[in-house]
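There are two complexes below, and they share subunit A, which is joined by subunit B in the first and by subunit C in the second.
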Partner chain A sequence: MTSPGSGVPAVELVSLTKEFADFVAVKELDLAIDDGHFFALLGPSGCGKTTTLRMIGGFEEPSSGIVRLHGEDVTGLKPYRRPVNTVFQSYALFPHLTIHENVAFGLRRQKIDPGEVNRRVGEVLELVQLTGRGRQRPRQLSGGQQQRVALARALVNHPRVLLLDEPLGALDLKLRKEMQIELKRIQQEVGITFIHVTHDQEEAMTMADTIAVMHGGTIERMGHPDEIYEDPRTTFVAGFLGASNLMDARVISPEQGKLVLGDGTPVWIEPSRLMNGATTVSVGVRPEKLHLSAPDSPLETPNRVPGTVTDASFTGASTQYLVDTQQIGEVAVTIQNLGDRRFRANDQVTVGWYPEHCFLVT
Partner chain B sequence: MTAATVSGPAVSAASAARRRRRIPYLLLLPGMAWLLLFFFLPLAQLVVTSLEEGSLEAGFNFAWAWDNYGALFTTYRGQFLRSLVFAGIATLLSLLIGYPLAYAIAFRTGRYKPLFLVLLLMPFLVPFLLRTLAWRIILADEGLVVTTLQSIGILGSSGRVLATPMAVVAGLTYNLMPFMVLPIYVALEKMDKALLEASADLYGSPFVSFWKVTWPLSLPGVISGTLLTFIPAAGDYVEVELLGNPQSAMVGNVIESKFLNVIDYPAAAALSVGLMVVVVFLVVFYVRRVGTEELVT
Partner chain C sequence: MRGSRFRWLLPTYLGLGLAYLFMPVLLVIMFSFNDLRGRFNVRWQGFTFDHWLDPFRVPAIPRALGPSLTIAFLSALVSTVLGTLIALALVRYRFRGKAATNVSLFMPMATPEVVMGSSLLALFVAVQAATGFVTILIAHILFNISYAVATVRARIAGYERDLEEAAMDLYADEWQTFRRVTLPMIMPGVFAAFLLGFALSFDDFVISNFTAGSVQTFPLYVWGAARRGIPPQVNVWGTVVFLVTVTVMLLYLRWQRRSALKRA
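And then the complex of A and B:
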């Protein structure tokens, strides 16, 4: 085994495949996760993210491929022989044991000296802010507290890698937001590699250093949250990570980044994003990147289409519009509420955006 | 007018609340009446009888005859202890055989689970007496079991199975097994399987996971199962009658004969009540012991 920071990935999956009787859950997945990272596996249900996590934990045996932890092949090892710990979706706290004994479970199995066990359990309960709860039973705790016990029970073992299977799924929105920040803080404090499975794109973006978006058993896009948000590259990723407006266009001049829409309206994009000499492309732009103006006060944006507001909903921090355009159909527009003019349904408007905010999807 | 419209619904709401409060008691009523008529009254009658003295000819009179109870620990001490020992062995055997069976049905049978449950309950479709009579034939001296055991030398040439304590214990075990398996199965079935994954994740080998997670969580089922086996076994007399011999008689046989043959009601009642008190005492001790153990591990 190697020490952290030696450049060997904490987790390495090589051509990992899992076939069930009637479908393939994970298809020849290759992935390397750096040590100390907060890594999110993001995707809709059935995309293979949980199966991937379970193969890293040893709960599911791969049909083929290799799982390496810090360079060591663990593919055939049972879960109890792997230096990883898991926070389960249902928490799976032992109902017959106290919080203290739940947390101590892994340490006791490793035959750690009882004094040391007490010290470490106390330490980790303090980390998750549950000091003084040691003698209670899981069912006496709230959902959020149970979640933190599950986290403490895994962390107390000082695993090389911590696996989190939709850990916040059962919590209500407010608590989930708090726990997102809490989890991030704890990860930075302990410096352990976290692999976090979730279907919540906002959760993944809030916490992770790197996100891998999974779709149909493979990784469709991987990178830093803002990188994959701004340039999702595929229709699926664009749709899964936030909302986007998509339009079909024809390439006129790849050097200038000039495209035209169906009716000949020009659209300009960053030339660098136009790859591989395609002649027809799908262009996406996020709702918050769009600008609106009344027809009499022209926009400075190079890209402009006229339209009619069909719906305006005020959400406090912003207003969300739906604008019907002839060129690109219905467009979703989010305007920050800065005290500017607000539009109403049936207002005539111009929708505009900058070339650098366009991305291409396949 | 305003007062009338306000008080009208308020009054009916109050009476509705009263009605709702009464409902649980109404639901309890049939069961309580049944218990009173068919359990408490006969029990009281039995206790009264156990303190009477006299004979069938002279009539029985209430006389605070505590002496009747002494017989349980003097004259019939052997039968009484045999009842507890046989019931204890049968319970232990049922647990040893029944737990793995319940475990297998709960965790390993997959979609065939209903089939196995039906198979488990199948014996109940044949009356208890008939099944025990069938065992009489199977274990008979010239039967296949005995001749096979004799031919491979486990049993001597004059050895027998029928009319031995072993046959009685085997019969008790056989008849009470489903009562052991079902509660354990239910306890295992409702256990969250993710707990075993959590245990494995926390370095628990399959063996450790069983002892630290599965076993403690199945204890409520084990407790019900052992009670449902031990209590009927301790009072049984049919197994001895059909599979045993006079030397393997249990206290149930004494009670039966006192009631039906000797017609000594006070003695029979005293033995019954005494047996019941001892069993209740053992059960309370056992439940407290195992129950608290479950809470401290």
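And then the complex of A and C:
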């Protein structure tokens, strides 16, 4: 066993693979998760998130590869021999037991002294704001409360790693937002490594210190939410994390970061992002990074293309435009409502953006 | 309204159905109070408590009840335990021979009792097993298992699997998981299987007749007594068994409803 902060990852997956009869759900996945982090495993339905989580928890045996918890190989161990606990998507509360007994279940199996059990159950029920509900049954609670019981039932054991499989999936939007903040608070309070599986990119970005984007059984991009949003590196990640405009370009000068579009219009990007020596690249830029101006009041952005507004929808805080351009087709543009001029359909405009807001995708 | 003209139809239908079901039972109970003269307890001759006050007058009856109740209890117990495990395996796992197991479980229910009884007798003779208490027990366990599997299987909803994983996640090993989670979840089915097995075994005549040897169970005694005239004490004991069974069932239903209310 190692103590937190010793540099050994809380969870380490080495070339982890899971094949079902006719389907490879997880493919040679490598992953190291730092201790004490709020880690999100993000990806569309069917990409292998649950399977990965179940292999960490011990509910699914890997076809090959290794699972390490704090440096210890646990690949063949039963779930009840692993220092991890799980919050199941279905909550899986025991309907025949009271809330108190549900939460105490893990402690009782570990033969912890009854007085200590009561103390810890009380403590954790307070943490999830369910004090006084101990004698009720799961079905007497609302969905959000059941969710917090499931969380308390796992946390009370002080696991070194907490696994959460789409824990907020069954809640309505408002409650989900509240619980996102709540979960984040609890994680910071207890300092346990959380591995949170979700298909909701906003949820992952709100909560996680580190996000791994999964696609087709492997991790396609991993990093700080900022970092992977601004530099997603693949078309899939760029699209999954939010809207983006993509354009094909030819590299003219890697040192200066100069590219040209099909018709010769120059596009400047950060030279550091052009390292791989490719001659043709796909450039992306997010809608909120684009600027619009009337043709007679030129933009100072180095990158500019002319276009025609085809659609404008005002949402209060911002306006979403669709602009048709000859060089890069239809572009989505989001402009913050700062009181500047608003455009309407058929207006002629210039679309502009800065080099540092461009990313390259493969 | 069109339906209102026929509103009496459903209650009448129900009443007739219940009467059809309970008339024989009511007759059994009624004739336990029959002040009969002669040997054949088939004609109403007046009311008396005599038979209830002297239930042991025919010693053969308690002598036959002994093995009957013991066999009913043991066969229900064994078949419920085995049936529960088989039902869980059939729902949970895919294994070689699953289809064959399903069919062979259905067979005892579909096979005519006469065929099964005589086959069992042939088998016992072939292996030179002396027929008696043990052979009846084996035969009763055999047919009870099928019903136990069917009854328990109906109670396995599928979501227990999640709950079992949750238990294992919370440091319960396989046995603790079964005892603390799986069994409480399927208990209504398990209990129903036990009651059903008990009733089926207690009631069985045909198969017992083939496998009993010299042992006399209650149904075998009654059948034998029928030619000489069934003593009214048989009705007394039949009533007692019926009342006990119904009471146990009602108590169980009430307990179940209570705990369901607590959970709801």
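Methods note: the second predicted complex is superposed on the first by the 362 of 362 C-alpha atoms of A that agree within 3 Å, B and C clash if a C-alpha of one lies under 4 Å from a C-alpha of the other, contacts with A are read in each partner's own complex, and residues count from 1 in each chain.
We take it that a residue touches a chain if its C-beta (ideal position, glycine included) is under 8 Å from a C-beta of that chain, and two chains touch if they have at least 3 such contacts.
Everything numeric here is computed off the predicted structure, so don't read it as measured data.
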{"item": "Clash or fit (per the criteria above) of subunit B with subunit C on subunit A", "value": "clash"}
{"item": "Partner chain in contact with A:R139 - subunit B first, subunit C second, else both or neither", "value": "second"}
{"item": "Which superposed partner A:Q110 touches (first subunit B, second subunit C, both, neither)", "value": "both"}
{"item": "Contacts of A:K78 with subunit B and subunit C, given as first, second, both or neither", "value": "both"}
{"item": "Which of subunit B and subunit C A:Y354 touches, first, second, both or neither", "value": "neither"}
{"item": "Touching both subunit B and subunit C, residues of subunit A", "value": "57-59, 78-80, 84-86, 88, 90, 92-96, 105-106, 109-110, 153-154, 157"}
{"item": "Residues of subunit B that touch subunit A when the two form their complex", "value": "192, 194-195, 197-205, 208, 212-213, 216-217, 294-295, 297"}
{"item": "Of all residues in subunit A, those that touch subunit B in their complex", "value": "57-59, 78-80, 84-86, 88, 90, 92-97, 105-106, 109-110, 153-154, 157"}
{"item": "Residues of subunit C touching subunit A in the complex", "value": "159, 162-163, 165-173, 176, 180-181, 184-185, 259, 262-264"}
{"item": "Contacting residues of subunit A [partner subunit C, same complex]", "value": "57-59, 78-80, 84-86, 88, 90, 92-96, 105-106, 109-110, 137-140, 153-154, 157"}
